[in-house]
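Consider the two complexes below, in which chain A is the common component and chain B and chain C are the respective partners.
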Partner chain A sequence: MVDSKQQWKAWLYLAPAIVLLLIFTVWPIINTVVLAFTEKYSTLANTGGTSFRIGFGNFTDVVGYSGFLDALKITMILCVATVPISTILALLIAVALNAIKPLRKALQTIFFLPYVTNSIAIGMVFNAMFNMIGKIGIRRPKIQSFGIINDIIRFFGGTEINWINTGSDEWANILVLIIYIVWNALPFKILVLLGGLQSINKQYYDAAKVDAAPRWKVLTRITVPLLSPMIAYVVITGFIGGFKEYTSIVGIFGETMGPPHDAGRLNTIVGMIYDSLENNLVGRASAAALILFGIILIVTLINLQVSKKRVHY
Partner chain B sequence: MKIVLENLTKVFPSRNKKSNDEVIAVNNFNFEIPDGKLIGLLGPSGCGKSTTLYMISGLQKPTGGKIFFGDEDVTELSTERRGIGLVFQNYALYPHMTVKQNILFPLQNLKGEEKMTKDQMLERAYEAARLVQIDELMDRKPSELSGGQQQRVAIARALAKMPRVLLLDEPLSNLDARLRLQTREEIRRIQKETGITTVFVTHDQEEAMSISDMIVVMKLGVVQQIGEPQNVYDSPANLFVAKFLGTPPINVFRGRVQGGKLFIGEAEVMDVQGVKDQAVTVGIRPEGFVLDENGPLSCKLSNVEVMGRDVSIVSTHEESLNPIIRSIINADHKVNLASETVRYTLKPHKVFLFHAETEDRIYFGKTEEA
Partner chain C sequence: MSRSAYDTIRDSMDKKEQNKQKFSAGYRAAHFFGQAGIYLFLIVMALIVLFPFYWMIISSLKSLPEYKETIPTFWPRQIIWQNYANAFTTANLGVLFKNTLIVGVVSTLLSVFITIITAFAFARLEFKGKETLFAALLATMMIPGELFTITNYSTVISFGWLNTYTVLIVPFLVSVFYIYLLRQNFLQIPNELYLAAKVDGTSDWKYLWKVMVPLALPTLISITILKMMGAWNSYIWPRLVANKEEYQLITNGLRNAFKEAGTGDVDYPLQMAAVTLVSIPLFLVFVFLRKYIMAGVSRSGIKG
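Moving on to the complex of A and B:
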């Protein structure tokens, strides 16, 4: 315990951080809650001295909004699909990286690259990879160039797929997004899991050898359980990140949040929040943010509950 | 299952690629471990005893030489297929599994003819648990067990699959003194009951001497002496072995042999027939001293420690290579504490001569090599 005479010193040292947090974190949170319950709020009118009605109007607006359920659906699909895939892939890659000696550092760097690269830039690269460009003619469009993915498909004798351009199907769009998000989520997960793997006592693996455990059993019965705290962490943060999905869609499809012929098709909840802000509907944006917070809270609680049973020691 | 080690060698390359000072952890180890015996590998840290154990387990590959289990050459066989049980120094129990799951784990990995049904596995697991008396603890996690209990679980896990060979790496080092005594008796009992050829590694000579059928004393990767504990103690092959075995440790003096007599300083202390004149190192076991007012070896008396049955006399001598000389005398003898000196005669079979430079044993008189 800090001596009570010394306590003011402790507060003094904490002051810069506390002040910054109060201004940039705590106040905005409070303000968001206030705005969410303030109906038909407008900054301009507020400055003019107008008073607003307090109520649930913004929430009913959000839920009643035609795009809300679609946005929720897209968000959910992206979350549910990408978190397990990226976690399992990251686990396998981390185990493989941990097992090799030569080139480990080089490969680690390569796998870590997406983490330090701007996601909009990556989105644009993905856009180019999945693109079909240069449609000529309207009645009988003649495609002149493909992105590398379609080149590969054609090389193996398949037919090109319209991934993201005008006329593309929603499943194709979502597939591209899943690939992008999984790839983008890998580095952080690999990093965390690799760190976890390296802290596992090597003697357990020697013991497993003595016990003649086959490889897959070592992975499922020893590595995964011993890594379970890290896996739980990665899954929970993965879900939280997944519910906030937005930049990936902007990166690939642009601000239209969908292919040109169906703008907004891939909108997510965060996308909705930005839309509301752009339309000066601050109250509705705040309400949507609170709803998103509620969803993330519930999902995280469920996650924690599940991991309590699954995470060992 | 007998184990044969043939010219077993392990060289660790030096970490620094430019320099060539590689470490020879085990150098040309030849030994046939008889079936069903308990063997103690003994030596100070860094002597290669653990490396030898891990080569027998297959977790480390020998640089040279061969290992046989019975007549089967297992040198190239991976650990998984050697059918060994290994108890690690820190036990390496899987922390996320219960005791039962820990013991079942090796059984679940058995393949082919050895494959068991679930009931057979459980039966075997409980059998192993009963042997080490932990069948009450089967649903606990390792973190809920004491060190001694964890150690038993580790032994049960190693024994459950009926290994051809049981290997123990410093099995008692993590236990407190009382538990250590109890557990080493238990290891002996379990080994006798199962009859599994067992090799264990220790740096504690008392531990090795007390339970082993045979001990192997190692130093810097080279085997110094192999034999039954009592024989090794009674007839050490060189100064290192003599110094390493025995508590209190052996007393070492500078001496010389002249005309069949052994001199320590100017005192002629003993007849040593058949030894040619030379400078020697003399080792005298603490129990090799006999109090004798007219004895030839005169030492400065420091103090006397009473230990009940025995007394331990601490004295000094200028030719002694140790700072103090410790002798153990039956408590019936009275020591005159007022006296400044204490005089001894020596028991010839407790006195060993070693070459002053090579430190090899020089045999004399009746105490021929056993």
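Moving on to the complex of A and C:
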């Protein structure tokens, strides 16, 4: 009796969460998989009583769609460039922070600041920094100001680059995105790595000191191996975040996902999913979402496999 | 001991002492320069990290002609506070702030409540299939959110929820990650406390709110702040389901108010003033509650 009363009460506590999860988590998983395999589905025809063929049509649609390969390319480039750069920079900063005493707290706070930001809002700041001001077009450009980044480049003797305006080069756009994403990704990585560093046993460093090991050796032979679980963690979360990149591009380039003369050039997989959804192509959106899930799963598994060999626990 | 032998020993000891001093002086010099290099590196990096914030703030205070000057000024010649007032009206920030605040506060309160009772059930109550259910919950964390959004979009349409506060609040009330975090925290509270309360005839409900919640307060504060920040920063879902101005949230309104991008004819000082206004609440929260934010974030890896 008491036992069944306990059971009943437990389910009462769980009820709100279970109901919401069934509607907004479990049902979407089932429905999205079904939609992904239902060819040429549309809500309108469905209420009209039409039945649909089941098959891989949506998947071949997505893969065959010209925008998909471009989106995949952009997503991959951003991942492959930003994850190593931000991880190495974060590691160096974390190690440096761990080696000092005065000012550590203040510097740590500064390095965490980019995390506490609205990625769209700060994207607009990066847009302002890289933007040129004036009437800019391919014909008869009349530039008033080259923007602060170009001013800095000129100060060091370089020539101005058209970063994001009409007529800009795709690689210039991507470079701006890489800088922004790395800037944005640093805080979390520094936080995790610094936390890991502080839990490393001091004895290893004392032993290195006795042997008068140079700093570089200490970093590569002691710190990195002992920190490898944390490094694996930030690399995996970095890749997952990288494959879901979207808002940083909206922040800098707006919802056109590209410079004015070539909208959609910088679209990512997530951007493609939302495009399909807004154009009522639910099947294609579902298939693309499943493909994204598959990619993330594969990348995570590869990462785990690699870290199994390299990570020291 | 003969005198000469004694001298020899003392000499050799002196030499050793001298060597040691020389070594440590050299070591200290190397250490000093190493330390100076570390500080130099950190300060340069810190300046790079801070630069966008600095540029945002000084640009927001410049006049448009000054902003457009070919040679930039690093401090506004004349501080134009009017930009902020103009930005507030141009981007309709009043409505956006109000909406975001309503959605943020209500969804945070409800979400924290649901997280508490669910985590309590998983940590303390006994029921059939507890472990399986919890494992299933954790498994959903691997699935990217975009996969849910597609179906949730048509679900909320069929509920007739488009352009309401409900649609911005309800679908994301349950966060598996926060439940997980709080359950771990609840499990650390010794079971003896629970049994003692049982003996005293305290109900589960009372025990949860009088004992467990106060003990898990730091985690709950972290969850609250992260959830609020999530509401403040959410962009994709609100853009899909609440495009009417009355229900727009801050991020969408901000991006839409200054849509033009790339041709270079934007009133940047105004835009930067709006961006600063949106960023300030986040900075204030960060300044006062840094400890909780960093504790929560280091365990999550998910922004917002």
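Basically, the second predicted complex is superposed on the first by the 280 of 313 C-alpha atoms of A that agree within 3 Å, B and C clash if a C-alpha of one lies under 4 Å from a C-alpha of the other, contacts with A are read in each partner's own complex, and residues count from 1 in each chain.
Note that in this section contacts are C-beta pairs under 8 Å (C-beta built on N, C-alpha and C of every residue); 3 or more make two chains touch, one makes a residue touch a chain.
This is a predicted model, so every value here is computed, not measured.
Enquirer: Applying the touch criterion given at the start, work out whether A:Tyr204 contacts chain B, chain C, both or neither, answering first, second, both or neither.
Expert: In the superposed model, A:Tyr204 contacts chain B only, not chain C.
Enquirer: Quick one: chain B or chain C, who's touching more of chain A?
Expert: C
Enquirer: Of the partners chain B and chain C, which touch A:Pro225 in the superposed model: first, second, both, neither?
Expert: It touches chain B, and chain C stays clear.
Enquirer: Contacts for A:Lys217 in the overlay, against chain B (first) and chain C (second): which applies, first, second, both or neither?
Expert: First partner only.
Enquirer: If we count contacts the way the header does, which residues on chain A are in touch with chain C in the complex?
Expert: 3, 6-7, 9-11, 13-14, 16-17, 20-21, 23-25, 27-29, 31-32, 35, 43, 89, 92-93, 96-97, 99-100, 103, 107, 109-122, 124-129, 131-137, 143-146, 148, 151, 164-166, 183, 186, 188, 191-192, 195, 215, 233-234, 237, 240-241, 244, 246-247, 250-256, 259-260, 270, 273-274, 277-278, 282, 285-286, 289-290, 292-293, 296-297
Enquirer: What does chain A use to touch chain B in their complex?
Expert: 201, 203-204, 206-207, 209-214, 217, 221-222, 225-226, 228, 312-313
Enquirer: Help me check something: in the complex, which residues belonging to chain C touch chain A?
Expert: 34-35, 38-39, 41-43, 45-46, 48-50, 52-53, 55-56, 59, 67-72, 114, 117-118, 120-121, 125-128, 130, 137, 140, 142-155, 170-174, 179, 204, 229, 232-233, 235-236, 240, 250-251, 254-255, 258-266, 268, 271-272, 275, 278-279, 282-283, 285-286, 290, 293-294, 297-298, 301, 303
Enquirer: Once bound in the complex, which stretches of chain B touch chain A?
Expert: Answer in residue numbers: 57-59, 78-81, 84-86, 88, 90, 92-97, 105-106, 108-111, 141, 143, 157-158, 161.
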